[in-house]
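Both complexes below contain subunit A, partnered by subunit B and then by subunit C.
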Partner chain A sequence: MRRSAVFQFRSGASFFHRLDPLSKFAWLVGISLLAFGAYIAWVQIVITGIVLFTALVLARLSPVEIWRGTWLFVIACTSFLVIQTLTLPGTHVAFRIAGHPIYAESFDYALASALRIYTIILSSLVFVRTTDPRELAIALVTQMKVPYRIAYAFFIALRIIPTIEDEIKTIGAAQAVRGVARQGGIAGRIREMKRYSMPLLVGSLRKASMMVMSMEARAFGAFPKRTFVEPPRMTASGVVVRTVTIAAVVAWYAALATGLVHTMYVLAPA
Partner chain B sequence: MVDVATPATVSQSVSRVVVDLQSISYTYEGEGQPVLNDISFQVDDGEFVLILGPSGCGKSTLLQLFNGTIPHTLKGALAGEASICGHALTTTKVATFATDVGMVFQDPDAQIICTRVRDEVCFGLENLCRPAAEIMEQQVEALRLVGLDGFGDRSVFDLSGGQKQRVSIAAVLAVRPRLLVLDEPTANLDPAGMADVFVLLHALHKAGTTIVMVEHRVDELADRVSRVIMMDRGRMTFDGPPREAFSQPRAARSEEGDVVPVSAWFPQAAEFALALGTACGVPIQAKDMPLNVAEAVTLGERFIGVAAVMPSVPAASMSSPETTPLLRVQHLSFGYDRVEPILDDVNFDLGRGRLVAICGRNGSGKTTLARLVMGINDAPRKTIFLNGKDLSALGPKEISAEVGYVFQNPDHQFVTDRVWDEVAYGLTVRGYADDAIRMRVDEVLGIVDLARYAERSPFSLSLGERRRLSVATMLVLEPRLLILDEPTIGQDHERAQLLMGLMVRLRERYNTTVLMITHDVRLVAEWADRVLVLSRGRLLFDGTPENMFADEALLAAGGLLTPPVFDISRRIAAALPAGPVRPTLSVPALVDAIVKSRKVAA
Partner chain C sequence: MSIGTLYLIVAIIAVALAVVAFFINRGNGRVMVGFTLMEIVIMAVIGVINGVLGTPNAMLGRLFMTFSGSYGFLAFAAICGGFYVAGPLCGYIIRKPGAATLAETMNGVAQVLSGNPNGIMVLAAGFLQGFMSDVAFAFYGYRKWTLSVLALSGALAPILQQIPEVYFFGVGDMGISYNLLALIIRMGSGALYAIILVKPIALALLRAGVLRGTQLAADERPLATTTQKLA
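Here is the complex of A and B:
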């Protein structure tokens, strides 16, 4: 028995699980646009709060799942926050640590930057965890009119990620047993990838060719069209999510463009 | 329900001949030697054909002809005439065969496309543009047929190996194919999962489905198939009814070209009958050849003499008390989260020079336990002791100096481009002197019979050779404990026997303890001197194979079956309590007991 991959769809009955894939995709894109456009800490705090609320309540992810999916980024973002706060210049001293001045502008900017990264990772986790890649592919075909062979290629690529992730873990473990130590630094990582590449290539090609044979044997690609049983449909909730997301993005960028919001930190102090 | 394209026109051939191969030869693109050589046979409607042969003999390649994967997807040189379900092979596309031929492969994880059970079963019908209402009806029927009613909404990631394979079969049955083709569908399943699949195939055959199947596990199949085809190096060596197939000893050439006996492919009931006939000097006719336990019991009882013989009592275990066990596991619990522990309070000791099997259903925690012992996963403190030292305090180098681990897939462990370097690698990273490395590598390459390939790339070897090389990389370090993960998966029984023979030599030479994770009950019966059975993370049993196989409740809980020889001897012993036979795991021991009773009688 193995630990399931974190960035992998799990079925469920939450509001987000029931939402159609394209509405969730619109929400993901909207959150990313808002996160990139907001350089002020309080705005980022609000966006992060919304995404956390979505993850915990609307997608019913447990705090443990969220932690497992984002802990590495929490550490990276916290390091980023500390380094930027300590090193960026500012004008208003908020407080001092061992005599070193901590500027309000530096902290504000660093907090916004750290939360931006975390928000994007967390919203991606919510999307991947609640969206069946197959439903996304079908929605692309039925709602966006993407040819089904292309949509399924996209689906298979997403479907195979956990398999490759598992394969890499197994190869790592198998080689560690040989006494191969994990190597640090760029050169070490390149050597490690070289050692992994052959078994990974052989294993992945074998699995991919098996998948192709399995699909062809079941008439995939035989006809220009195919039937989709129970394709995902946009519900009233989907309309609301899309409308609110689009409205929020348009409103925020309009406000930025017209100078209605404080844009002092859009360009970081030199 | 939207997007229903024009339904495909489906026309299944009405000829009784489902498969018709005439002088088929095939060579893979870029290869010099043909993998199939002058193969001719027909399969009629309603037949259940079992194809047997050593690894690399061309069995799987042959199956790929049946839906046009060869020559349309896998290119190469194909000669001869072939017709499948009335369609000429060379002029019919793979997709056209989808309505006639259902293909099920060895690894369910590699062939399942969708993540939800219902979607997977609907996949083929959707591609054939069937109306949505019809698709839903047929998927319900297909899931019912494979015993997975109500599983439609389940994620495939939550299913056991056996359930996944049944989903794969349902996915092809939904199309209602005329011919079902299966390539070792039970290779990754525990015995209980395997039995489920065989029962299902038997029912499908009785309902009229034509089945062609490659399988190494024949004990539960031999009396269910209508015909056996044997292959050797791309050629057919036998084609006939199962009783005739197993009525005489046969030999074949392995992938490496060595002549090997093929008795291990035989059902153990037939193996017992052949041995008994030879020992008693009474040849068994093909029509009397037993294919299951009941038939073997009847035959065995016929051969028993009338005079009473004292049954031989199994020798007591030679275990001697050890002050410090090689491995001690105490109160080991482990899991990735607290609500779902994978291992729950596991306790046992292992001494030196033992051959121990770990058994249990798929997902029972066997591999996790082995990975903890190897240090691949971090063991909780003071739960695993290696030579009296807490494993959690030891580093990877210290652990790998004492413990070796042979993975299921040997390719995962290769780190160099040359066989010799591969074996030397472990010694090099441990700082051995060049002379010592040269001496030990040459010695070990000799033991595993790979010295002639010292200059070749590990990836250019056959599967059996790669497996031996993988063992050699561990052997060279002279580990005190060697863990084998599923030594029989993807290998025929002969190759597995060779590997186990190698393990015994290792034990004799270095007093190494071998711990093997396996589903193969015949392997356990033949080689293990102790068995650990795990179920849902708990250690249910720790004892001898004889005691394990005698405990039916334990077998049910562990998803295990008994080897046929045990059932045969147990039933004979029960029928003749004063007779010479006692339950045994050894065919020679059973035959010997019967032969002695005849000598006394004479």
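Here is the complex of A and C:
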């Protein structure tokens, strides 16, 4: 399974699948705010643990699915961890590698940075995997009062995302049969991107415009308001998720503002 | 002067520019103009594709920042223009108030959903950069579409957008000159990307026939007819 295939909605019966889209979005925003509000390793470890628990238990994603969706980012985060640990300055030497001092402060900060990136990506995966884009569009209209034409246009655009990789392959094959060779190197890749991006954009816009024509032919947009057969509603679990998320964010930033918790380097010896 | 004061001044300038742009357009009925469904879909598609393509760029940018040490934020600023293209592009195609803002907001949502490592911050960043791109078009009453206006649209995009990034990336401690230099580089990058990419992409899409019904198609039609006649 490709990463792009993992990064799309799959129906299911987990707690997170049953949750309304906006409660899940509130959770996503909350995790992002918490992750960016802490440069301390232990806090990031706790947040990563919560998101992993959510992914495995509440959203019932398998470890294989999580790995397939995030392995590229795991490599990137590990490289951040190694590079920042080796290059950032510090005062307390934790240990030495081949004579090079590894500082406790640098490692703490680097671990926090790497985990922050991973947490955000994993929370996005949980959201995308458990949220039907159509339900998200309907929730935007019914709960957030976004004009339904904007919400539906966004829904049309979201439907294009999973097809992008297949589109690129089709464009590549079409160019190959016309004798366009694949190019190596950074300059070649940039030229390739230029060659691929325009047909991709044109193809996506063409598909979308055909969809718009058929929607307008069925009188879409004729009325100022639109009703839905089964609009997603915020359940009691949704209220709990939103309340806990908001409380956690407010409590964390209040603790930071009042100096109750330090912002960084707490693993370093006093 | 502290970093907080610097960004307060930057924010005041941005708000003042927006207020001036509002008063320029207040009398000519170009403050609130409705979009057709096709226009909204064009904005959504361009915003989402730019957003999805922006996610690997953001990851590369993060790696770039890590490798470049304290100069990372400045080096990343040089390629930031790529993230601002959706706003000027949609503004240029749709030619209505709010087009750049809506496109960049959708860009931000697409980036959040596709796993951008900068998290929810890109949602706020998308809105802010789109809003400032719109301000540039508003200065000319949404009537002038030259390269200089596009450059201004790209250049204004990072003015408010840099403020949350400074907090989240923790570069406020790097000093006023460092932060000011980062903003100037971002503005230059935004202008350059807008000059190089916006017009060629928009005209190529127009030639491909996927922008029918937009203001750009209407404005360019006499030119296209003349070119066809000459050919």
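Rule of thumb we're sticking to: the second predicted complex is superposed on the first by the 238 of 270 C-alpha atoms of A that agree within 3 Å, B and C clash if a C-alpha of one lies under 4 Å from a C-alpha of the other, contacts with A are read in each partner's own complex, and residues count from 1 in each chain.
FYI, a residue touches a chain if its C-beta (ideal position, glycine included) is under 8 Å from a C-beta of that chain, and two chains touch if they have at least 3 such contacts.
Here the structure is a predicted model, which means the values were calculated and not measured.
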Is A:Met210 touching anything from subunit B or subunit C once the two structures are fitted on A? First, second, both or neither.
first
Identify the partner contact of A:Ser237: answer first if only subunit B is touched, second if only subunit C is, both if each is, neither if none is.
neither
Quick one: classify A:Ala157 as touching subunit B (first), subunit C (second), both or neither.
second
Can A:Thr170 be said to touch subunit B (first), subunit C (second), both, or neither?
first
So in the superposed three-chain picture, is A:Ile117 touching just subunit B, just subunit C, both, or none of them (first/second/both/neither)?
second
State whether A:Ser14 touches subunit B only (first), subunit C only (second), both chains, or neither.
neither
Partner chain in contact with A:Gln143 - subunit B first, subunit C second, else both or neither:
neither
Quick check on the superposed pair: does A:Met198 touch subunit B, subunit C, both, or neither? Answer first, second, both or neither.
both
Subunit B and subunit C footprints on subunit A meet at residues 156, 198, 202, 206, 211-212, 215-216, 220-221
Subunit A residues within the subunit B interface of the complex:
1, 3-4, 8-11, 64, 132-134, 141-142, 156, 159, 163, 170-171, 173-181, 195, 198-199, 202-203, 206-207, 210-231
Where on subunit A is subunit C touching in the complex?
7, 28-29, 31-33, 35-36, 39, 73, 76, 79-80, 83-84, 87, 117, 120-121, 124-125, 127-128, 149-150, 153-154, 156-158, 160-161, 164, 197-198, 200-202, 204-206, 208-209, 211-212, 215-216, 220-221
Note: in the complex, subunit B contacts subunit A through residues 1-6, 8, 64, 67, 69, 73, 93-99, 101-103, 105, 107, 109-116, 119, 122-132, 135-136, 153, 155, 157, 171-172, 175, 336-337, 342, 363-365, 367-368, 371, 374, 376, 396-397, 400, 404-405, 407, 409, 411-415, 425-426, 429-430, 459, 473
Per the contact definition, I'd like the list of subunit C residues that touch subunit A in the complex.
35, 37-38, 40-49, 52-53, 59, 62-63, 66-67, 69, 102, 106, 109-110, 112-121, 168, 170, 201, 204-205, 208, 210-212
